[in-house]
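Below, chain A partners chain B and then partners chain C, in two separate complexes.
And now, the complex of A and B:
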């Protein structure tokens, strides 16, 4: 059997790209043997991160990388954009905070449903969010 | 834009059965059409069937709540049916619930909920 490529990239610009990205993520999670609830969580995390790109930065990309370790396999999701960036990261990670017209649960909610979460941003330099979801074997 | 979600009318009940994963603009389009149809058809209840949806994230949930509250202001009821187990779990973990919005397991039970309550 041919191994699927370990890194997949989906350009994000329109809201239909959000659907493509989360479907790509769900498929990859399924291929890697993630449980069904975990597949849904991977897809949800991607959906939140990809939407942030469309809403706040116009365009960017979602990269999905597979991490193989002896006792577990993971999906690393990297959301990158070159938008205006986030001036106040602490607030952006707090439940209910939003500068758009949203519930303010995108970033804090995503942080709750993944195993590792990292965000870097400076005003004017865009945002990079990196999250990892592991599947235990 | 092509209509992604047909809205069926059965008596005084509107049934919107979502058949595929929707983009944000598709969901907004659905919101718009449901509110129009509730008025146009003088509907007393709306059922949104989400059983074919594999993901309901913050935007989808927010929009569903907005639809429900607007329909209620029109004096009609709204029931969401068919939220899949994995979807329900990820909504709760994400911090999303649908407070005060009636939900049912499937279309039959949603109709029973409307007729009974």
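And now, the complex of A and C:
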């Protein structure tokens, strides 16, 4: 259960954890030199994924990792939970689909504001969402 | 699994899966059998160790502060004897867990720090281990096994106490959060027909409903037709929070009041637009001053 030193993990259970994860992400983005709008996008993506964990899976975690490449630097956000999972991923990724009587924008919106987006889920086994946001140097 | 261990599992154990925890600590029926063998020895030397332990403890200023007088010390010593007797011989079942948690929460409440707690425990185990090795010098191998079994159970025991520390803190944070969320949101009348509502904290569905009720009552009471919702104090605005705000503002509109949202930073507002949030929720005016001006304009129209 060791993480490399630049990996941050925030357990997600309550709304206050969503705020903590979001602040961690924004701070990391700032440290890495992301522009202010991009910092906000990182914070928003974390917020959406963490909020889904609180609302639909009860608990899980957000992991933030830094990716260094010669010409760019990235933040990889991994949201994991062991909740009920998503039966129909295609619907869940469509604008406006919500089983929670909300806007249904969290997943598709996050996909729009990041550079790489990957989601896996099996019913009963939870959800793993991995996204990357890059910043040019 | 030992009888004592498995019987405790059969009883069911609330939200603790004891069997899993025992596996994690590699705690087996053999270990318990070993420490039960230590029972007599701990009774025999326990008092002596505890005396030494209190001498050690009272030497430390911070630790000594926990004791009022000699009678109090005597009482705590008796409790300590019982604590360690149970450590070697009590059934590790739900009742044991509950009792350990109870003691843990007393420690937490009275300010016994994890350092003090673990340090004390280590001191006791260390002393006891030496005594065991001395008394069983004809069979050091066996002595070692007994001590290692005792250590396993002691670690399990410490984890129970420390979990209560974490739980207590978590509970305190949640309680404060609840208190905050149950504070009525102030509805301020800026001038006839114009309300200002500062929203602070988190905005989950429960709080959003409460906010909506207060807003609607405010509109009715003040016959308001314009509302400034200031969300400077809302820490994380995302699509779920936007949804709550949209619902709240739509309800206000049904009551005949138009709303202006303020306190959303330009960057966050932009992010929300990219996520796909549109419409009235983002009919935002950066700062409060602008928001009030916009609302006054709405009043005139």
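Heads up, the rule we're going with is that the second predicted complex is superposed on the first by the 132 of 137 C-alpha atoms of A that agree within 3 Å, B and C clash if a C-alpha of one lies under 4 Å from a C-alpha of the other, contacts with A are read in each partner's own complex, and residues count from 1 in each chain.
Note that in this section contacts are C-beta pairs under 8 Å (C-beta built on N, C-alpha and C of every residue); 3 or more make two chains touch, one makes a residue touch a chain.
Being a predicted model, the structure only gives us computed values, none of them experimental.
Participant: Is A:135 touching the first partner chain B, the second partner chain C, both, or neither of them?
Facilitator: In the superposition, A:135 contacts neither chain B nor chain C.
Participant: Under the stated touch criterion, which partner chain does A:36 make contact with: chain B (first), chain C (second), both, or neither?
Facilitator: Touch status of A:36: both partners.
Participant: After lining up the shared chain so the two structures overlap, which partner does A:113 touch, if you call chain B first and chain C second: first, second, both or neither?
Facilitator: Once the two structures are laid over each other on A, A:113 reaches both partners.
Participant: According to the stated criteria, A:51 is in contact with first (chain B), second (chain C), both, or neither; which is it?
Facilitator: Both partners, chain B and chain C.
Participant: Let me test your reading of the model: by the given contact rule, A:18 touches which partner, first (chain B), second (chain C), both or neither?
Facilitator: After superposing on A, A:18 lies in contact with both chain B and chain C.
Participant: Check whether A:59 is in contact with chain B, with chain C, with both or with neither, and answer first, second, both or neither.
Facilitator: A:59 contacts neither chain B nor chain C.
Participant: Need the overlap of the two footprints on chain A, from chain B and from chain C, as residue ranges.
Facilitator: In chain A, residues 15-16, 18-19, 22, 36-37, 39-41, 43-44, 47-48, 51, 95, 102-103, 105-106, 108-110, 112-113 are touched by chain B and also by chain C.
Participant: Which residues of chain C touch chain A once you look at their complex with the stated criterion?
Facilitator: Per the stated touch rule, the residues are 173-174, 177, 202, 204, 235-240, 242-243, 246, 265, 267-268, 270-272, 274-277.
Participant: Inside the complex, what are the residues of chain A that reach chain B?
Facilitator: 15-16, 18-19, 22-23, 26, 36-37, 39-41, 43-44, 47-48, 51, 54, 95, 102-103, 105-106, 108-110, 112-113
Participant: Spell out the residues on chain A that touch chain C in their complex, using ranges where they run on.
Facilitator: 14-16, 18-19, 22, 36-37, 39-41, 43-44, 47-48, 51, 55, 95, 100, 102-103, 105-106, 108-110, 112-113
Participant: In the complex of these two chains, what residues of chain B are touching chain A?
Facilitator: Touching chain A: residues 21-25, 54-55, 57-59, 61-62, 85-87, 89-90, 93-96 of chain B.
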